[in-house]
Structures are given as structure tokens and as C-alpha cells.
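Sending over a structure as C-alpha cells; questions will come in a sec.
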Amino acid sequence: MSVLVTGFEPFGGASTNPSSAAVSTMDGVHTVELPCTFGGSIPALRAAIDRYQPELVVCAGLAGGRAGLSVERVAINVDDARIPNNAGTQPVDEPVVPDGPAAYFSSLPIKACVAALRDAGIPAAVSQTAGTFVCNHVFYGLAHLIATEFPAVRGGFVHVPYAPEQVTDGSAPSMSVPDIARGLRIVVDTALSSTVDIAVSGGAEQ
Amino acid sequence: MSVLVTGFEPFGGASTNPSSAAVSTMDGVHTVELPCTFGGSIPALRAAIDRYQPELVVCAGLAGGRAGLSVERVAINVDDARIPNNAGTQPVDEPVVPDGPAAYFSSLPIKACVAALRDAGIPAAVSQTAGTFVCNHVFYGLAHLIATEFPAVRGGFVHVPYAPEQVTDGSAPSMSVPDIARGLRIVVDTALSSTVDIAVSGGAEQ
Amino acid sequence: MSVLVTGFEPFGGASTNPSSAAVSTMDGVHTVELPCTFGGSIPALRAAIDRYQPELVVCAGLAGGRAGLSVERVAINVDDARIPNNAGTQPVDEPVVPDGPAAYFSSLPIKACVAALRDAGIPAAVSQTAGTFVCNHVFYGLAHLIATEFPAVRGGFVHVPYAPEQVTDGSAPSMSVPDIARGLRIVVDTALSSTVDIAVSGGAEQ
Amino acid sequence: MSVLVTGFEPFGGASTNPSSAAVSTMDGVHTVELPCTFGGSIPALRAAIDRYQPELVVCAGLAGGRAGLSVERVAINVDDARIPNNAGTQPVDEPVVPDGPAAYFSSLPIKACVAALRDAGIPAAVSQTAGTFVCNHVFYGLAHLIATEFPAVRGGFVHVPYAPEQVTDGSAPSMSVPDIARGLRIVVDTALSSTVDIAVSGGAEQ
């Protein structure tokens, strides 16, 4: 049973990224830190999949401002960068994969993951958007790889809050890195044990 | 030149819906109030398209809590209701259209619309999610009708804030109904005059 | 019956201030635009009181980020500036009035004002803090003038939201300038007709 | 060297209160859980002061929705309850202490405390309002006891965020209980070592 969990290197001038800080502490799974670039992130993900042959892939990234873990529902086929990525690239309304479908849904049991996180006392919710930056780019790229080359793999994306030391002025929510790691472990364990999702609401009116 | 603009009836116990309150004041376009139900909204939209034969369709709905007009980028093929709709229906993770694609992108020039709104002093932004309730349902339904039956039509969805009188305790942002109507007019005019969108960022990191 | 209503000049690099934009449109009251400086604002307020001999004074200022009119409850005897004022001054933990009391409560009927605003469809709430910048400074200065020199005058402070054209990116709530002016008129009328406040909750747990 | 740190019992239907959950884990200080009632909280605080004869008193309470520790600047002489307290009492605009001054400032070095918290990676800020509920009531009561009966004591109030397990839906910020306890320890240590506050801005424009 091989599992791959990825985090991102810091971006936007930050010195750390709680996604990779948390992922790097996880035992029993293969972990990789992806570059925060449109050009490099999917090739690095693909190399890790080739190397570790996982049956489950969970990619994590920072969503500064959110108060809980966000289990993402859908990746869309667009790169639209409000700020340049770490390679200085700032695409506007370009497809992640030319001629790819408009979107892919997560193949994680997202509702079961959220339920398990909440049962463990970890703030969590389904999210209806992973944005249009490198996180969505990798999520879409992962789903496209699964759809076109690795049909036995399941995978998805989880956004994590700031670590407390990133927002010491109290201006945004945060979650301790150990709690983030504990949450990602719960996502992995839930995905491994649940191939069919539970039917509970996780929607939004808007 | 025929244009159709739709709003929604009130939902969730509210006595008014600023989307239809604004739409009903607009001149020179065909206006319809759609039922806020999963079962009835798309048939009502289709009937209006059949009747008015528009070349442009702009659907509007309420997004309580947002501070500006949200020009939606993408509709996803899922109904997931946190609250029952006005017919008492509460689907969980059902497709809007079985076997439809995962998502459709708006065929409005969304960046040009946002730029024109801001130039007119109206708070506005591109939004990466229209939710998973009746608004997204109608937006997806409109896009599917365009893709499968009405290829000459262009259309999209705009979420509007609360009207001030809905949030008199000051707990959420609002926009006056005349400003909402003025904004929807700008969206219509921009879409009529721009068939190719402008290339400016309207993305989100998350 | 003489009434004085004041607004502020723009500050922090903004080109307009909705408080003075709204105040300047009001009929039947004396209106003054105060400088946004710690040194100049109270002398300008005092000069206006000397000149117009009002029985009621309502000062208004911008509270960017709030969604409704904030009828302020209390002014505290401290200047603590996160940013420099328009004269480049940035006091830290200095008293507004040396040896003045720690705080003054508004002598407006704040609960009745909020109730009247809400009845008129204008978002409003009692606020428990006017901050520590020039707005609180003027509010404290007004209350101190009333307590020490003008015992027949009643007065208080109202914070107003951004105007829509100040936040066209939709990142913060706003209120149209005509609605702000209508609200300030309601505050004036309510204060003139109510010398005893109503007993309804307007508190906060924190 | 005797130090007293207090937390509150749960209120508003919650099953726990992170203030007392954190305080109860602190070593080397006297700790007390205060009742969340207007009638009982100050007598309980006074009894603890009589018993432990502290030179420093730090009271802590929950401020649900804040993202960091809030070191409170000022207590005001008003009880105004939006919800009933745990004894079913709901005062509106009554003084904490009849004929007491309008407000008291904290006698903690609030700026030094915030700086020390941030240095330790704990989100924190000065707050300009402790509300008008039992937290402000106790803070005012403490300051009044110091001013009138215990002049050798210094003391103040710190609001704490929700614990993560209170907001598992991710709808509000939270802080782990160990981090809250670590933060309160830093406040105690800073107050013991600093009798004069540092001169750095901690103000707000509104």
C-alpha cells in the first residue's frame, strides 16, 4: 500500500509553507515538496507518482485566510494568477491542459474526510473552489494524470490554514502545524478505508 | 437584439430577493423571475429562452455575504444543498445533468464586465465558484442549453449582495437595489459590445 | 434649534471621505469638515460650536470595513495611531486631554438612533469602540467640551462605511453616500426628539 | 510572588470554555474558574484575591471569532447583555459599579505583552473593547477593586479564541488550548518583568 502526500514550497514572499511543514512530519507515507511554479509543479508530481507508484495521492497547499482544512471538491482547467508564481510566471486565463475538460471532481471521499476530521476535533469543510493559482493547477494536473494515465490511482487536494507563526498580528485564522499533520493523516486513512463517499451535505448556496 | 435577464424569487425564508427586485426595474430587456427550485428553475429558463429568442442571457441570484457583484466564471455539474430549496428538495451530490461535463465556463466576457463595473464605481469581482445550490444549478443549466441546443446564445451568471434592508443589523455587506440594477445593465452592455474578453487577472490563490 | 454635523477630510491616502461627502449634502443643519489631525480637529470643532451655538452635535467619520452605520457608545482618553494622521503626527498612548477622565459615554440616545435607522432600512448597530485615532480623539474632545464648558449641548459620534466607489474590488462592505446622509439625518431627528434613550440591548459579548 | 489567573465557566450553551481549559493547566500560579454571571463573577474574583493576596491578576475569557489573543486596553462601566448570562440575567445599560468612573485602563503592560506573544509565534493584538458582557464586567470589577481597595495589585484582561473542537465546521478562527495556555504564561511573565510599558503602536483607526 503506497501513499503519496505532497506539500508546497513557500510562495509570495513567505519564509515557510505550513503544507510542506506538516507533510514533512508524516510517517508511513511518501512525501514530496512541490515547487510553487506553473511549469515545475506537475512534472515534479508526475515524477513522484512514477517513482512511488502510489494508489492514493493527497496534495496539500496553503489557503491563507481559511480557518479549517478545506477538502477540495473540484479542479478547473484555468490558470489565472493574481500574483506571479515562484518562477515569475503570471498566466491569465490559460488552460492547465489545452483541450482538457473544463473540470475534474476529486476522487477522494470528500464528505467522509470532512466528517472524520470534525469527529477528531479538527475544523474542516468541503470547499467548492481551489482557486486558479498553482494549487488548482496541481489538483487539475493530478486529476488529469489519473484520468489519462493512472486509472488505478485515487487522489485529491486539501487546502490548509496559515500556521500561527505566519499571522502573529492576529489578522487571520491559523492552525498549528501538528494539527494540520494530524488532519492530513486522517484524510489519508479515511480515503484508504472508504472507496464510496457518504451522502451528507457539504454544499454552499453561493 | 433580444436580451434576457433573470432574477430569483426569495428563498430561505427571506421576504425579498434583491436579484429579482433589481432585474424587474430594468428597461429594454426581457426579464423573468425564476423559481428557486431545482426542479422548476431550468424549465422556466428554457421557456423564457424559447419565448424571447435572446442572443444574450444574464442570470442573477443572491449571494448573501458578498460585498460586490460577483461575475461567475464556472458552473459545476453538482447539486449539493445545505438547506432545502423552495420545493422542499435537498439533493446531495447529484448531477445537474446526468452525464453532462463536470463544468462549463461562462460565455460572458467576465473580465471586461468586472472592469466596466469598477470603472462605474460599482464593487465587483470575478468569482471562482457559484456554489452548489439553485444558482449554480441554473448557471450550469443555461450553459448546457447553450452547448447543446442554442449555440448562438451567449450567457452567464452574476451573484449580487444583500439589499440594505435585508441586513439592517449591519452584520453583512449590502448594495442598494438601484446600484445592483445599474450593475446588471453594465454587464449586459459590456457583453453586447465585447465578444472577446480582455486579458487581465481575475484569479484567486485559493 | 441649531444642529451641527461634522465630517472629516480624506485621510490615509484616500481621495474622498464619505463622512464629509454625506454631511455636505444635508439641509437644515450647520455642517463643517474637520481636518483629520490630532492637533487641528478639536480646535476646529470648538470653533464651530462657538460659531453656531448648537444644542446638538453629531460628528461622523469613516470606519472602513464596517457594513453599517456605527453609533458609538464611548470615547476613551487615548491617542494611539497605527498610521500617521494628515499632519504626519503619530502619537502612541498619549491622552486626548491630560488628566481627563478615562472615558465619556455618548449623550445621544444611541439605542433609539439604531432602532430608527433599522426601521428605515439602513444597516446600523451600536459600537463599543471608536478606535484610538482621530475619530475617537474628536469624539472624546466633543464630550470633554460638553462636560466642562457646554453643559446644554448633547452630542456623539457615528462611524460610516466606505462609499462603494472606494472599494470597487469588492473587498470590503460599502454604503451609498445618499444612504449615509439619510442615516445621519435620522440620527439627528431621533436625538432631537428623544432625550431619554430606549432600553433595548445593543451590547457585545466581546 | 503570588499570581492569580482566572478563566470562565462555559456560557451560551457551550460545553467547554477554552479560557478555563487553558488556565487550569498552568503551573506556579493560583487559578480560579469564575462563574459566567453578572452577580457572581466579581464576588468570586474578590474572594480569590482575598485568599491568594496576588500582586498580579490576569483574567481570561472567550472571545469567539477572534483569531489571536486579545490583550484588552480598557474596561467600561456598562453591562449590556445581548444574551442572558448563566443565571438568566440580561441587564441593559446598567453600570457595573454605580457612580464608578466611565472606564479603567488595564494596568498590565499591554504593548509589551503583545510584543512578547508575537515573538513567541502566538497571534496577538491589543483590543480596544472587551465588550459589554461578563468579561468586561469582571475586567471593570477587577480594575475597580485595584483602584479602591488593592492599590498594590496590577491586573488586566485577555480574551482568547475558540478552541478548535468548538468550531469544527471551520466557520471561525481557533487556537489550540496548549497555545492559549502558553500565551497566558507569557502575559504573566511579561507583566512580572515589565512595570513600564513599551511605546509601540497598538491602536485602531476605528
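Labels A, B, C and D are assigned to the chains in the order they are written; within every chain, residues are numbered from 1.
The rule is simple: a contact is a pair of C-beta atoms (placed from the backbone, for glycine too) under 8 Å apart; a residue touches a chain by one contact, two chains touch by 3 or more.
Being a predicted model, the structure only gives us computed values, none of them experimental.
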For this session: Count the smallest number of chain-to-chain hops linking chain A with chain C, moving only between touching chains.
Result: 2
For this session: By the contact definition above, name the pair with the higher C-beta contact count: B-C or C-D.
Result: C-D
Exercise. Whole-Å distance, chain B centre to chain D centre, using C-alpha means?
Worked result: 46
For this session: Between chain C and chain D, tell me the centre distance in angstrom, where each centre is the average of that chain's C-alpha atoms.
Result: 29
Problem set entry | Whole-Å gap between the CA centroids of chain B and chain C | 38
Seminar exercise, completed: Check: chain B positions touching at least 2 other chains come out as 66, 70
Problem set entry | Topology of the chain contact graph, where touching chains are joined (line, ring, star, complete, other) | ring
For this session: Return all touching chain pairs.
Result: A-B, A-D, B-C, C-D
Exercise. Which of the residues in chain D come into contact with chain A in the complex?
Worked result: 66-70, 117-118, 121-125, 164-165, 167-176, 179
Seminar exercise, completed: Given the complex, residues on chain A that touch chain B span 12, 61-66, 70, 73-74, 76, 78-83, 90, 92-93, 101-105, 111, 128-133, 135, 159, 197, 199-206
